[in-house]
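Structures given as structure tokens follow.
Common to both upcoming complexes is chain A, partnered first by chain B, then by chain C.
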Partner chain A sequence: MNAIIVSALLGVVMMFSGIFTTNKSLIKNIAAVGVLVLLAANLMEMYDLFAFDINTHDLIVTQRYGLFFNSIAYLATFIYIVLSGNDITEVGVNVAEYFALIFFVLCGVAILSSFNGLLMLFIGVEILSIPLYILTGSDKRNLKSNEASLKYFLMGSFSTGIMLMGIALIYGGTGSFGMVHTTLRGVVTASQPVSYLLVAGLLLLFASMSFKVSAAPFHFWTPDVYDGAPSVFTSFMSTIVKAAGMIAFIRVFENQFTVLGPTWRIIVDFVIVSTLLIGNITAVFQQSVKRMLAYSSIAQAGFMLFALYANNTEIAKEGILLYAAAYSIATIGIFAVLIKLHDYTLDGFNGLAKKEPVLAFTATVSLLSLSGIPLTAGFFAKYYVLAGAMQAGGALWLIIVAVLLAAVSVYYYFRVIQAMYFKSGDPQTLPITSGFKGVLIAVAALIILLGIWPSVLLSWLYF
Partner chain B sequence: MPIQYYIYLCLALFSIGIIGVLTRRNAIIVFMCIELMLNAVNLLLVAFSKVHNTMALAGDKTSMAGIEAQLFVFFIMVVAAAEVSVGLAIIVMMYRNVHSVDINFLNRLKN
Partner chain C sequence: MIPVLLLFIPLVAGILGFFVKEQKGASNLAIAASVVTLLTAVVGIYAMPASMHQFEATWLPSIGASFSVSLDGMSKMLVLLTAISMPLILVATRSNKYSNPGAFYALMSLAQAGLMGVFISMDALLFYFFWELALIPVYFLSSIWGGEKRIAVTFKFFIYTFIGSLLMLVGILLVYLHTKDHSFAWSSFTNTDLTSGEETLPFFLFFIAFAIKMPIFPLHTWQPDAYEQAPTATTMVLSGVMVKMGLFAVIRWVLPMFPFAAKTFAMPIIILSVVGMIYASLIAIKQDDIKRLIAYSSIAHIGLMAAAIFAGGTLGLQGVQVQMFNHGINVIGLWIIANAIESTLGTRKLSELGGLATKAPTMAILLVVLAFANIALPLTNAFIGEFLLFNGLFQYNIWIAAVAGVSIILGAVYTLQMVQKVLFGEVSAVTANATEINCYSKWVLIVIVVFVVVLGVYPQPLIDLTKDSVNALLVIK
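== the complex of A and B ==
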């Protein structure tokens, strides 16, 4: 509960801070301290120190796993605000409101990692989504931002409608909004006849959750929205928000396999393969690095879905946490570099290594991590989720497809590295401070640290 | 009345909403169709609430089963109101820039 209440309160604090000061860097610093307070409140709860003791009647059940995910998300947000906070203040005039909305999104993250029942799932998804519609359109004079915002909003609320229909049908089939389906006859298992309402509801819920994490064939909004939104907010949307959506997806569906038995896997197989194929193959043809990263985030969602496929094996549950951390930090790193460039096309990166070696180095480490090269965090993240799917069994062909497509992803990530190091050019950059460079080096070090000792992170889950 | 009638009515309303979202080009009308989808869900939830309550009353005269669906309806209304406020603001923002609320405007990012 700590994280949910503190993040909501901090959102209100940020809104008020906009009244009392217009000093942009002060507001940014308040936000950075706020995220640290939030992280501390969440860590307190991990060690059984409750600032708020509220009886939620089992609507929210905090477990160490969810709290640990919160910590990862808040740490990533802290890195994000320290790295890109100055760019957030440049998007428009309502600086305090942007940070307030980010805190409301973090409240949604906390709900999505600890909900127990479909009511809180719905509330969490909406608290996560509605501030993002605003952040996407925050560059008010820019037509691309307007368009992305309207498209995201219309498609997002459409998928909310689908999700609600799914929840209503599940309720009709079972008589409860609980996570484990019980009927008046008792707990639903595969041996009992399953209500067609429940099956239809689960399918609709699956479709709308796939939409939220931009898994194919529900990914159409992703490239346009990620491309049109201001780059700083794309960085936030494609990392922390997507990881939270994935945790919610896994949390709500981890018990559903028992209802439908093995037929369920066919749908997950289809979604994983099409997500990996569409994400990776389309990314190869992109000229804009920002759009390429949007497609790559679709492809990474395909890998994260392996944790759903693995269905509760221990290694996959650890893997998705590691994946969330590795993917978030690497993407925040590459976006922080991208924001500093004037030209988002591949040619804009030409010769960056000569002009700004630190930026080029961090971008390289981030891209290596995203493509899953050993000694970076991305390698063990991919290894854990694939090993989880392997343990669950029956998925050898799926894993082979995933590894082959990871090889394809190396191609488009390395094109950026090649442009930075082996092509000559004079990239135009925004002014870069030495503090920014220092944080970038810390991010690169963190990625390599997680790549060599992933257990540093994962041992926290148990102690 | 059998529950099937309610399910058919709700699915019909929901389908009208979906068809409207997919075919209409005016952002406001698309938005109204999304609201129609949400209201179809509300109706369905209330119908299911009554069904589950009636089934539970057969065993236990003081049963409160089914009440959580009606609570859910209130949450849907609140969230829908929040979405309306954000959505209309976005549509107004777009109208100020292009003087149109036509969805066909949304094809510029594709190139």
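== the complex of A and C ==
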């Protein structure tokens, strides 16, 4: 509960801070400190120190796993604010509101990692999504930003409707708003066939969750929204928010296969394969790095879905955490560099290594991590989710398809590296402070550290 | 401790190298590090007790991976090759000029560290790590300092090998789930509960990765382009040492892990290898570019070694190990000549060369000796290796050995043709002002020629070095 309440309070604090000061860097620093406070509150809860003792009647059940995910998300947010905080303040005039909205999103993250029933899932998803609609449209004078916002809002509300419909049908089928796997156990063992109402409900819920994590074939909003939104917020949306959606997805469908049988596996197979295919193949053809990263985030979601496939094995659960951390940090790193450039096309990166070696280096480490090269966090992330899928007795063909598409991903990630190191050009950048460079080096070091000892992160899960 | 030192000396030199700005300092640092590595390797192998040849530390206990490295019979030969070739390469190309030299030499040292890691790791996950890490520096080396088409060509090479690596990763996972104690250790991997039928799939997942690296026909298409476009110093690393990774990995991992599958699929693989030998030799005859000629010749030689590995038998396997070393040394010699010709005359085209025997007599003598070694004439080091290889192949199947034997004749054709076009004939407009090769290249070539002759007359040390490992391998089978 600490995280949920503290993040909501901090959101309010940020909102009011805008009234008392207009100093942008002060607001940014308040936000950075706020995230640290939030992280501390969450860590306290991990070690059983509760600041608030509220009886939620089992609507919210905090477990170490979810809390640990919160810590990763908050740490990533801290890195994000430190790296890109200045760019957030450049988006528009209502600086304090942007940070307030980010804290409300973090509140949604905390709910999604600890909900214990479909109603709280719904509330969590909404708390997470609504601030994002606003952030997407925050560049008010930019037509693309407005378009993206409207599109996101319409599609998002539509999928929310589908989710509600699904929840209602599940309620009709089981008579409960409880977690799917616990309520199902009672229904299915009663030696009756699963009712159509329930199956329809589950399918609708599955579709709407796929929408939230931009898994194909519900991914169509992603490229436009990620491309249209101000880049700083794309960075946030495609990392922390997406990882939280993924955790919610996996928690709500926990153990479904053992209860519902192999037919469900076919659906998941289809979603994974099409997500990987569409994400990777389309990314190859992008000329804008920002749009490429949007498709790459679809492709990475495909990999994360392997954890859904391999549910409940220890290694898959560890894997999704590691994946969330590795993917978020690497994407935040590459976006931080991208934001500093004037030209988002591939050619805009030409010759960056000569002009700004530190930016190019961190971007390279981030891209290597996204492509899953050893010695970077991304390798172990991929390794863990694949090992989990294999241990769960997963279809080998699926894993082979996935690794072959990972080889495709190398193609588009490396084109950026090629532009930076092997081509000559004179990229125009925004002013770059040495503090920014220092943080970038720290990010690269963190990626490499996790690439050598992922246990640094994972051992926290148990101790 | 020795294997750890072999890994970390080049690694540290590589990291430091990035901070050196000028050519001389960077090259000195890399050469010094490579010489220290060489001394460590020689002293470690010949003068240190066996207890110093192993090192193990915990790495990821939760999934059963450890930092386990060992300098055993199988790896000694290739560790020596890596340790010897690096100073030779760096000294021979010392007069080449590079933009941003610090990074160039740093990446060379890092490539050496990666190669060492591949040869000494006794843990499958660690092996995979180094397998990839050896590739990354070479990718940057070729893409930054290579020829005109470097970016596209190197990228093709990278994607090719990366696909192989990923398939191998799936293979590693698959075997890992079949190990009895859920560990990545070599000893667990070679002692799994895979049935002979279940071996097939992981066998191919591993083998494709290694076949791409060697390369075996028809997966070789990246190789001539990559060799041609890479800066020559990198080409030397690639063809002298790096292609041996594939052969070594088959001996170290595939044969002990999948004995049944290796036997079942030996015939098609041997046939592919032999087809590749003949095919590459025929293409080599038509080449006009020295670098491409050596590249194709290299495919032919590697094909023979691959065939002998799968033919099995003590002599064949021993021959492979001996020949990996000899081929590494010899081919580096040929590349040094190619580098000397290109950097002094500005061309690599055989049709534009000629008459260098009168202009550069020392180089001519050295080239002729190397050419003899390339066609495995008796008294050169390659003879004993090829003899053992053909012996192994002959015992496996006499017809295949006969067809493979044709490649010896073809090898003589293209090698002697090259010698003829470079050294003899009319002095052309390009070679009119040719001078003797510089002293760095000359002395390195003399060292290589001494190796060629000494090991050709007395190959016993090489055979002794590999004997134990081959016997151990046969016991596993």
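Here, the second predicted complex is superposed on the first by the 446 of 463 C-alpha atoms of A that agree within 3 Å, B and C clash if a C-alpha of one lies under 4 Å from a C-alpha of the other, contacts with A are read in each partner's own complex, and residues count from 1 in each chain.
As a working rule, a contact is a pair of C-beta atoms (placed from the backbone, for glycine too) under 8 Å apart; a residue touches a chain by one contact, two chains touch by 3 or more.
All values derive from a computational prediction rather than experimental measurement.
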Consider chain A as the common anchor and indicate whether chain B and chain C clash or fit when overlaid. fit
Just to be sure I read the superposition right, which of the two partners does A:M15 touch: chain B = first, chain C = second, or both, or neither? neither
Let me test your reading of the model: by the given contact rule, A:I448 touches which partner, first (chain B), second (chain C), both or neither? neither
Using the touch criterion from the header, give the chain among chain B and chain C with more contacted residues in chain A. B
Please indicate which partner A:V401 is in contact with in the superposed arrangement: first for chain B, second for chain C, both, or neither. neither
Minimal inter-chain CA distance - chain C and chain B, angstrom: 28
As the complex stands, chain C meets chain A at residues 59-63, 128-129, 132-133, 136, 140, 143-144, 150-151, 155, 158-159, 162-163, 166-167, 169-170, 173-174, 176-177, 201
Contact footprint of chain B on chain A as seen in their complex: 119, 122-123, 126, 130, 133-134, 137, 140-141, 143-144, 146-151, 153-154, 157-158, 160-162, 164-165, 167-169, 171-172, 175-177, 184, 224, 227-228
Would you pull the chain A residues touching chain C in the complex into a rising list? 315, 368, 373-375, 383, 386-387, 390-391, 396, 399-400, 403-404, 406-407, 410-411, 414, 418, 421-423, 453-455, 458
Touching chain A in the complex: which residues of chain B? 3, 7, 10, 14, 17-18, 21, 27, 30-31, 34, 37-38, 40-41, 44-45, 48, 51-52, 55-56, 65-66, 68-69, 71-72, 75-76, 79, 82-83, 86-87, 89-91, 93-94, 97-98, 103, 105-106, 108-110
